[in-house]
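Two complexes come next, and they have one chain in common, subunit A, joined by subunit B in the first and subunit C in the second.
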Partner chain A sequence: MTDLILQAVYSGLLQGGSYALIALGLALVFGAMNVINLAHGELVLLAAYIAYTVESQLGWNPLAAIPAAVIIVTITSSLLYFLVSRVTVHREINSLTLTFGVGVILTNLVLMIWSADVRTTSSTWMQEAFIVGELYSMRSEVLFFGVSLVLIVALWWWLSRSWYGRAVRAVSSNRDAAKLMGINPGRTELVSFIVAGILAAFAGVALFSYGVVTPGYGSVLTVKAFIITVLAGLGSIPGVLIGAILLGVAESLTITLASSALQELAGMGLFLVVLFVMPNGLFGVARRRG
Partner chain B sequence: MKLNKLLIATLVATYLVVPFALGGNSYVMSLVIASLIIGGVALSWALLGNLGGMVSFGHAAFFGVGAYTSAVLTMQYNVPVFIGLMLGGVGAVLSAVLMLPVLRLRGPYFALAILAYAHIFRIVATEWTSVTNGAGGIARIPALPTVFDYNFGSHTGNYLVILTMVLLFAWAYDVIRRSPHGLALRAMHDSEDATRVVGVNNTLLKGLMLLVSAFMCGAVGAFNAHYINFLEPDYAFSAVWVTIPIVAAIFGGYRTITGPLIGAVVVYLVDQLFIKNFMPTGHQLVLGVVLVVMIIASPDGLLGMIRRALRKKHAAT
Partner chain C sequence: MKANKIVLAILALGTVGSINLASAEEFLVGVQIPLTGPLARVGLGTQEGIRVAAEVFNKTNGKHTIKLITVDDESAPAKAVAAVEKLASQNVVAITGGYASNNISPASDAAGKLGLAYVTSGGVDDGLVNAGRKNFFRINNTQGYQKALVGLLTDLSVKSVSIIYSTKDATHGLAADVEKTLKAKGVKVVTHAFDPLITDFKPIINKVKLRDRSEFIVMVGYENDYVGILRAARVLKPSIKGVAGVWSLATPKMAADFPDLMPNVYGTAVLPFPVQFSTEEGKRFADGYKALLNKDPDYLGQFGYVQSMLLFEAIARAADKGTLKKGGVIDEMRKTDRQTLIGRVQFDARGDNPNFTQRMGQHQGKKVELVWPKESATAKPVYPGLPW
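== the complex of A and B ==
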């Protein structure tokens, strides 16, 4: 029994890596623009299907799909930014419904191009067992956990050291003051969408390499990413990583101890408990309550 | 006066002309009924969005809970179907009571928390097999009964029932909007703090709007269960019950009462009659495009667009 639990915790931990990438993209855009991008999960899904095409058509390793995925997803993400930036009245409600609409468009595009079938990688190199002591995982899981950690550190460096990263943080804390300091808020918001797109592209390829994807999975991913940002609270990168791992572990423990049908319930339950008990998240600053 | 005449003309047309003109064609009638079902959900969504100022992506929860409540009560406890419809609404209200803590959250947090509830209810409906028969679904849900020798289970009967329900809901919506509470709710849009200062209990009013909206949506869900006689969790809690009503309400103009209804009829019929024909898979793509275009071009919907065009014409002459 202990073995099983340890194994579940380990799998959940590895899963947390890509969850964190997805959640960071969502949080970045939310921070810069105060918009929850309901199409974010669909961006991830798009990358996963690009990896599928590269693998099934060209016979390459899904890793080779990363450049194409990054390019296509960031273009889509930038287009999304231009749509969202056109919203002027009742910004909160209208941008939510707008991104929801884009999510519907992307889901159905995926459905039309790649059909409703469940897709997963057929690369044996990716699925090879990777054993640490008693703990088992696929090679792709460990590989992408490492990639996620590298990306998260890079994001942290970018946000705290680079000019644009600091501009994103300046705009999210005070838009008008940032403007006075010579920052172009529009361009900064576009940059946040692009970075979110890059993170989504990596997460999508990861998802395809160790999991299964279906066209309807995008909205599930958005909800998961949102749960993680709620768990973490706003404005904390390590918080997001811990929140993501927490969600991953909660899900895999539910699968091991109860049933896989209840997997989603674990996340939702965690989400509601945190919202009601600790509305500012585990690491966040007060901001959310109306 | 002009409005009253228009209202009477609409009532005559919907109650007399439509059944006599289209009653014989069961395919067309079924489309009309389905668009009214969408219209009812769209109306309840728009009520919450307009008066309560809250975007909900979880209305599928109310729809599904209403449907299951009525189906289970009429089949296992022999409750008459018409009372089942009401109780479906009550069931949805009870599920909304569970959601009341969410009102502490605002904007996107509310929208996604309510979505989380919708997922939870769907999973509960799937796993609680002793009552709902799980993923297998419930078949042979009783149709609307024959009352005073009139068979409400026929297409025309179903049409009259859902039409009456939707019109009653629209009337209730209008009454709420005209009441002092409606005024307070509209004032809340401009400044929550200001209304709080003059003594309006914001949270209470918003909570009431959530319950009213849930009742409407639940009753429509219950009607749908008795109309199609079959239920399964993935259908009853499907995202379709959120997507199409939102598109309809935004398309028609969610700040008006007639907007969501007109939007529902237009969007649903166009989707079913035209788009579905040349785009069998992924025809909802067009709905997404409509939503995006409307939000950017005319956030107050088609009616708002027409009103602005008329005003421009007046100004020109």
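== the complex of A and C ==
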């Protein structure tokens, strides 16, 4: 039983790292603009399919797809921002609807270009077992867990130390005051979408390397990312990692100790319990309205 | 006088010809199928076979022609109903298609209310034929898959099995049937249900490795599930001797897309690969596939072809008898009894095909060899045999 639980916790930890990578971009945009980007999962999916194209057409390792994925996904994310920025009335609900529609378009574009076939990496290196004592994982899972940690630290540093990072936080806190301080809110919000695109690109390449992708998977990713973002609390980047790991471990332990049929229920259950006990999320701060 | 006779003869011929033309009709047949969503892959594959069936029928029938109208049901039950209603509004005479029992059930109900025959190969849940539908017909069923899986495991003398199955209707039903039959034969069976959204199967495989300690893993799911399970098994390397799945697994496509995961894996298969057809109909089917789609057929196309060809023939017979608008298609489908690419097809009172028995294939090298039943086998099973 101990072996089972340890493996479950280890698998959940790695899965949580992957979830965190997927959720980071959504958390950033939500924190900066109060916009829930329902097309975020599709941006991640787009990056995954770019990785597939690089591997299948050029025979390269999926890691080599990261530059191309970053370029294409950030351009797409920027275009998405330009659409969202046009929404001025009832911004929160209307941008939700808009990004949902963009998500549907992206899903069907992916279907048209890459077909509905199941895709995953054929790189033996990525799929090989990585064994630590009695704990097993795939090399790609460990690699991208590390990448996830690095990106979280980098994002946290960028938000707290760089000019644009502080500008994003200022705009999210009080848009008008930030404008008075010489910050261009529009440009700052565009930067947050670009950074979200970069994060989605890494997440997509990771997903292709350790998981399986199909065109309809984007919406599943968006829901997961949203749950983690809310679990973490608005504006908390370290909270995204903690929330994601909590979710990953909860799911993994549920599969091991109860039934794998209850995995999604466990995740939703955790979400509801945390919100009931801590309505602002694990690390969120209550915001003044008005 | 002679000129008058010639004119009369020409007029007579013209009249006969126009009578023949008047009785030769074009019939609209609705295709309700998932072209987008999670079932897009299987929907597109089935649609290919349906299109080939229409081409072959139109070329060989000589009298009636079929025109297909396709509506995407987006892999969703509500959209499947809407698709059937839309097709009915366009005056189709019957419906072919459907995939996944939870989509087919409401769609065939909608077709029944509209008086349309509904034929499918995409729904094996027994609930579909136990609901008393008079318009519903399917060419395959859970029992056929169950017979094949259990038959293989019995021939291999497997003593203990772990069944890993998706909680969707058809997979859940098949897993339960296989479990019951194996237990009755004295085989130790442990089952693990999984939510269709699960992506990391390592915790389940770890349970198989540390707790079940089974000789064999049976996977009952879909392509993305098989890939996840096999990948997790390849990492954890449980002490098993074989792995088997059901539909969509023993295919050349899986071998080409996932070469590291397929060696020695078993799955249900109608025909071996490379495909060889020895019957006239088989050759027409293969040639039609090549001409229309420039590729070799797969099992989805085979099923789509068989279900649709039977429907088109029933429509033609009903048209000839003048019973098309009086439920004639349903009556003619009920009378179906012929050899097809998947064996003999008949429909019982519930619309099920009691003769359906799948075969088991195994990935061996670059081929898919049929290994069960012995009378259809093209090679012996490699056992023990694993992808790692």
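By definition in this document, the second predicted complex is superposed on the first by the 282 of 290 C-alpha atoms of A that agree within 3 Å, B and C clash if a C-alpha of one lies under 4 Å from a C-alpha of the other, contacts with A are read in each partner's own complex, and residues count from 1 in each chain.
Just so we're on the same page, a contact is a pair of C-beta atoms (placed from the backbone, for glycine too) under 8 Å apart; a residue touches a chain by one contact, two chains touch by 3 or more.
Computed from a prediction, not measured in an experiment: that's the story for all the values here.
K.L.:
After the match on subunit A, would you call subunit B and subunit C a fit or a clash?
P.N.:
Here subunit B and subunit C cannot both sit on subunit A without a clash.
K.L.:
Per the contact definition in the header, classify A:A129: touching subunit B only (first), subunit C only (second), both, or neither.
P.N.:
Only subunit C; A:A129 stays clear of subunit B.
K.L.:
Kindly classify A:L79 by the partners it touches after superposition: subunit B alone (first), subunit C alone (second), both, or neither?
P.N.:
Neither partner.
K.L.:
Taking the superposition on A as described, I'd like to know which of subunit B and subunit C A:L111 touches: first, second, both or neither.
P.N.:
Both: A:L111 reaches subunit B and subunit C.
K.L.:
Let me test your reading of the model: by the given contact rule, A:V212 touches which partner, first (subunit B), second (subunit C), both or neither?
P.N.:
It touches subunit C, and subunit B stays clear.
K.L.:
Let me test your reading of the model: by the given contact rule, A:V150 touches which partner, first (subunit B), second (subunit C), both or neither?
P.N.:
So A:V150 meets neither subunit B nor subunit C here.
K.L.:
Among the partners subunit B and subunit C, which is in contact with a greater number of residues of subunit A?
P.N.:
Residues of subunit A touched, subunit B against subunit C: more for B.
K.L.:
Looking at A:A261, would you say it contacts subunit B, subunit C, both, or neither? Reply first, second, both or neither.
P.N.:
In the superposed model, A:A261 contacts both subunit B and subunit C.
K.L.:
Answer with first, second, both or neither: which of subunit B and subunit C does A:L4 touch in the superposed model?
P.N.:
Touch status of A:L4: second partner only.
K.L.:
Where does A:L58 make contact in the superposed view: on subunit B (first), on subunit C (second), on both, or on neither?
P.N.:
In the superposed model, A:L58 contacts neither subunit B nor subunit C.
K.L.:
With both complexes overlaid on chain A, does A:M181 touch subunit B (first), subunit C (second), both or neither?
P.N.:
In the superposed model, A:M181 contacts neither subunit B nor subunit C.
K.L.:
Indicate the residue numbers of subunit A shared between its subunit B interface and its subunit C interface, in ascending order.
P.N.:
107-108, 111, 115-116, 261-262, 264
K.L.:
Over in the complex, which subunit C residues touch subunit A? Could you list them?
P.N.:
Those residues of subunit C that touch subunit A are 36-38, 40-41, 43-44, 75, 167, 192-195, 197-200, 202-204, 206-207, 210-211, 223-224, 227-228, 231, 234-237, 253, 257-260.
K.L.:
Which residues of subunit A touch subunit B in the complex?
P.N.:
These residues of subunit A touch subunit B: 30, 35-36, 38, 83, 86-87, 89-90, 92-94, 96-98, 100-105, 107-109, 111-112, 115-116, 219, 223, 226-227, 230, 261-262, 264-265, 268-269, 271-272, 275-276, 279, 288-290.
K.L.:
Hey, which residues of subunit A end up touching subunit C in the complex?
P.N.:
Of all residues in subunit A, those touching subunit C are 3-4, 7-8, 11, 15, 107-108, 111, 115-120, 122, 124, 127, 129, 136-138, 211-212, 214-216, 220, 252, 255-256, 259-264.
K.L.:
Could you pull out which subunit B residues touch subunit A in their complex?
P.N.:
Checking each residue of subunit B against subunit A gives 49, 53, 55, 57, 101-102, 104-109, 111-113, 115-117, 119-120, 123, 126-127, 192, 239, 243, 246-247, 250, 279, 281-285, 287-292, 295-296, 299.
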